[in-house]
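Chain naming follows the written order as A, B, C and D, and within any one chain the residues start at number 1.
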Amino acid sequence: MIEKFEKLYSISVPELDEILGKPFKVLNDGFIRVIDYMGNDGAVVQAARVSYGKGTKVIIQDRGLIRYLMRHKHTTPFEMCEIKLHLRIPMDAWRQWIRHRTANVNEYSTRYSIAIDATQTTLPGEWRLQSTANRQGSSGFADEVLGKEMTQDEKKLHTLARSTYNKRIDAGIAREQARKDLPLSTYTEAYWKVDLHNLLHFLRLRMEKNAQLEIRKYAEIIGNEIVQRWVPITWEAFMDFSMNSTNFSLKEMEVLKKLYRGDKKEAIKIAEESGWLRRKEGKLVKSLERFEFEEKLEKLGIEFPWNDSDVIL
Amino acid sequence: MIEKFEKLYSISVPELDEILGKPFKVLNDGFIRVIDYMGNDGAVVQAARVSYGKGTKVIIQDRGLIRYLMRHKHTTPFEMCEIKLHLRIPMDAWRQWIRHRTANVNEYSTRYSIAIDATQTTLPGEWRLQSTANRQGSSGFADEVLGKEMTQDEKKLHTLARSTYNKRIDAGIAREQARKDLPLSTYTEAYWKVDLHNLLHFLRLRMEKNAQLEIRKYAEIIGNEIVQRWVPITWEAFMDFSMNSTNFSLKEMEVLKKLYRGDKKEAIKIAEESGWLRRKEGKLVKSLERFEFEEKLEKLGIEFPWNDSDVIL
Amino acid sequence: MIEKFEKLYSISVPELDEILGKPFKVLNDGFIRVIDYMGNDGAVVQAARVSYGKGTKVIIQDRGLIRYLMRHKHTTPFEMCEIKLHLRIPMDAWRQWIRHRTANVNEYSTRYSIAIDATQTTLPGEWRLQSTANRQGSSGFADEVLGKEMTQDEKKLHTLARSTYNKRIDAGIAREQARKDLPLSTYTEAYWKVDLHNLLHFLRLRMEKNAQLEIRKYAEIIGNEIVQRWVPITWEAFMDFSMNSTNFSLKEMEVLKKLYRGDKKEAIKIAEESGWLRRKEGKLVKSLERFEFEEKLEKLGIEFPWNDSDVIL
Amino acid sequence: MIEKFEKLYSISVPELDEILGKPFKVLNDGFIRVIDYMGNDGAVVQAARVSYGKGTKVIIQDRGLIRYLMRHKHTTPFEMCEIKLHLRIPMDAWRQWIRHRTANVNEYSTRYSIAIDATQTTLPGEWRLQSTANRQGSSGFADEVLGKEMTQDEKKLHTLARSTYNKRIDAGIAREQARKDLPLSTYTEAYWKVDLHNLLHFLRLRMEKNAQLEIRKYAEIIGNEIVQRWVPITWEAFMDFSMNSTNFSLKEMEVLKKLYRGDKKEAIKIAEESGWLRRKEGKLVKSLERFEFEEKLEKLGIEFPWNDSDVIL
């Protein structure tokens, strides 16, 4: 049986070996670097072929197989690749990062050692304004005057926080207690080891436009600089079928079908039944489901069948 | 702070309480029954509101919130519900089941106790033929004559397997070794405890039309008889946005856009660039990506822009 | 088969129902309360009996069975119980908490909502000194003068941190960015759901004397006030066989054996071979393995066979 | 900061490279071979030093650090090593194997391909008798006459099972259904990828004397032939502090303390309070807790303080 699976895949990836250990800078004082890895595109194929046995051998070539696996969410072969990264990242972003549970972690301990003396700082032009459309997002930047003030305040706070910390340490206070008032912007470091499937899941959420800017910057480097070098075929498939795909619900497909037939009236009827077109004094009431469908119609260059000139927000 | 989150949700679900402990029959001798559960649709909302704080309170009502969470794959609130099932299931189907790792399991041990004396049996009309289109599936049924023969053979094999097992046990052979040749069709029993998010993931894969019939029958009962009673709003959202949704890749969206504009030529050009329209001696070569896109076009009632009358399979 | 497993266990626990939703205070402004639970001691037994079938029924009674499971680390039946807690906890302690990955979490989001306006504060008598013996621990307290100063500094820092945060929010800075310099002492809230096996694992690490005081206070309440009420037999077994047990390595057992025979010479020989008795200028060099063994000997009231009056630290 | 952690560890392990891809035979037709690996003893140390920062650098050398981590169950640094194995194993043993959930798996699919035509067969001298002491174990072997008969029966059953399977396949029955009556002794193959911490946990349970012989043979090869070559220092620490250690409960330590003082009477008193010495008509009633303590006393060469000449089993 062994021989049947034996097809040999080169297991080192020269493109990745070139950047091994080399830090990519992120934010004002963070970085990401690859410490080690296991597997490559070939290892995904190799694992899938164990499952399929002789089944798919002749029919599908390697690239086609990887794309098939990605499209159909056959995720286990992607778990056969593993990567270990070394991060330096503000605790604030790390708090979001660590919520991804299927990974191995060793973080720098501020119980054992003095806290890293670096914080994420913000330039006057980098202060983002609260988005009104998206409760959890930001939109646009503060003007120069406000930005400058914010940056000065930030510096003052960082300085007091650090001097308070240092004073505690110098006075003999236990490190585990002295650290209690460090700002969330303080940098930490960690080894983070994860399999390719779970890494792609992480990237799908954290490279997305609604992800917070800080963590997005890390995710983009992992995706564009690291994963793309490591498993280029998997990366392309991920971009095509997962990251940049569009999902339509059952109802949305029905409306779309009517629109392709040119049957606006029927399309509107289904939308009404779905509760997307409630009106108050003649105006369309806000509906998240309708908004999101309208965004998809825009991607397809299709005009909304309903008149939404007067929407109540 | 407590008061802000305090909104009380009744935590028992009368519709589910009614069927607690009551076995639903599956296959010839299997069953599923609910042993215990925790949470309901309200618990999903309650958990989401902890995350959102006052943020979304006024704006989104409960049903809208659950649908929003489902649509955007905000999965953690669904993990706040838990269910414990008791299954009786052939080992063959259980081998697939157990691959879902995020669950708690206690299985009947044939090291400790005598193996359950029941196997999954097949009626003459239930023998399925190998699908040629789908390497892992079945399609249609064996005719009556063949079916009868298969069922007789099955019975003969089951009888010999059991008598051999019993003979070993009677002769004092260790149970852990005596069991080694039990057929995969032998029933086992297990307690299986899982959170709602992971249960829905299980159902999406196992209620799907390509899932093996045996496990699909269990999945359908869990979905339609149990989850629907337990968390009806979540179930509806799952059906709309996950189970019955259709996903389009970046390229597929581009083709769709051209087709809406009536620009067949441009649509074909994109398809060609995507490698979907390779030809050999004038005929279209088999392409899984094109086939799957064609299926989606059919759902939308859209004619293929290319002429595929002569496809090489 | 059903009947054989049917033995009914009452599934509600009156002792726990009494405190459902009732917050236990922790630290200056934190709390823990039980939101919901599933299972009890009986559910552990019930699950174990599914595994064992008729095997152990007559022989072992329920309490004995639970103690057997605990002693032999048969952990799956303990996974059949689940509990959901609501916590209010400083982010610093939460950073340690969240490292326990096998749990479900919904945390209050400071992207969606204004950060909770409360920090963990320290009374003058609560400032702990760095332990010299244990690099990650504390030992003793700062004197009154120093404590007072530390508490004043803490207050000044908290005040500046909050006013800076508020100023940002008032100026329209995005919440996701405004929060970046909150001190780690800021309270957060979360729903945390976990099975009994993983909860006990958490408690073993976090109730331990070397765990940081802050998280230990939460762990002790969960253990002594909640788990003890919920599953008293399991709790007793956990205390006996896990929390308060002592582990001896192969070499340590060999030394103990010699010591029981009164054969000091042989005991010392084994210790030497194990590298515990290296000397430098006649004095015993520091050896963690020897220190830890000596601690165990003290528990047994056994004198060290070697003369360690002159240890090099 | 980087430089501080930079200490370079060679990341390939020549001893393991030598056996890469080379199958170790197990049972009559199974094997294990290493496909790939990541990390070594140095990677454990490297990860631990990230956590500890400068903290422990000078004080503890690498071997001492690994032993410290193992002793204190600081498990995360061991998660930083990963190994990928290729197994060929009877489905019966695989059913136990797969219960270890924290691993990545790709198994040969008998839906896609024809089932492997090999079963685990038993020589006449290999039939084990049911243990009476241990409900889940075996003890001793069947005599030659019985063994021969058992082996003949086994062969007959395997032959009928395979011919029935082949007949179904030849008749066009779907592979997914044809396989339903394959004996559990049928071999399957899988890629299995796991981190070092979880692998050691697996080995602790499966190399143990009560583990079923078949899976134990696989575990022993993984431990003695693979892990020992891969991470020799970790392996030694695991053997000393985990695999071959002995755990004493609180009560057992108390009894031991009395015994070391020579105070039999007090020892018996504690044992009585612990319920170990219940008597019926003058004889000691069976007590698992006492039995297990007696086994530990034997290891220490200590005589039981109670007279158990007349035990009721």
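Basically, a residue touches a chain if its C-beta (ideal position, glycine included) is under 8 Å from a C-beta of that chain, and two chains touch if they have at least 3 such contacts.
Treat the numbers as computed from the prediction; the structure is a model and nothing was measured.
Student: Tally the contacting C-beta pairs at the A-D interface and at the B-D interface, and name the larger one.
Tutor: B-D
Student: If you line up contacts by residue number, which pair in A-C, A-B or B-C shares over half of them with C-D? Let me know.
Tutor: The pair repeating the interface of C-D is A-B.
Student: So what's the Cα centroid distance for chain B and chain D, whole Å?
Tutor: The mean C-alpha positions of chain B and chain D differ by 32 Å.
Student: Can you work out the whole-Å distance between the CA centroids of chain A and chain D?
Tutor: A distance of 38 Å separates the two centres.
Student: Going by the touch rule set out above, which residues of chain D reach two or more other chains?
Tutor: 52, 55-56, 105, 109, 112, 135-136
Student: Enumerate the contact residues on chain A facing chain D in the complex.
Tutor: Its residues touching chain D are 1-2, 5, 11, 23, 31, 33, 36-39, 43, 46-48, 50-56, 76-77, 79-80, 82, 84, 86, 88, 104-109, 112-114, 116, 189-191, 193, 195.
Student: Can you tell me which positions in chain A touch chain B when the two form their complex?
Tutor: Touch residues, chain A against chain B: 52, 55-56, 60, 64, 67-68, 71, 135-136, 239-241, 244-251, 253, 256-257, 259-261, 288-289, 292, 299-302.
Student: Sort out for me which residues of chain B touch chain D in the complex.
Tutor: That would be residues 90-92, 95, 98-99, 101-102, 105, 109, 111-112, 119-120, 122, 127-131, 135-139, 142, 146, 150, 153-154, 156-158, 160-161, 164, 167-168, 171-177, 179-185, 212 of chain B.
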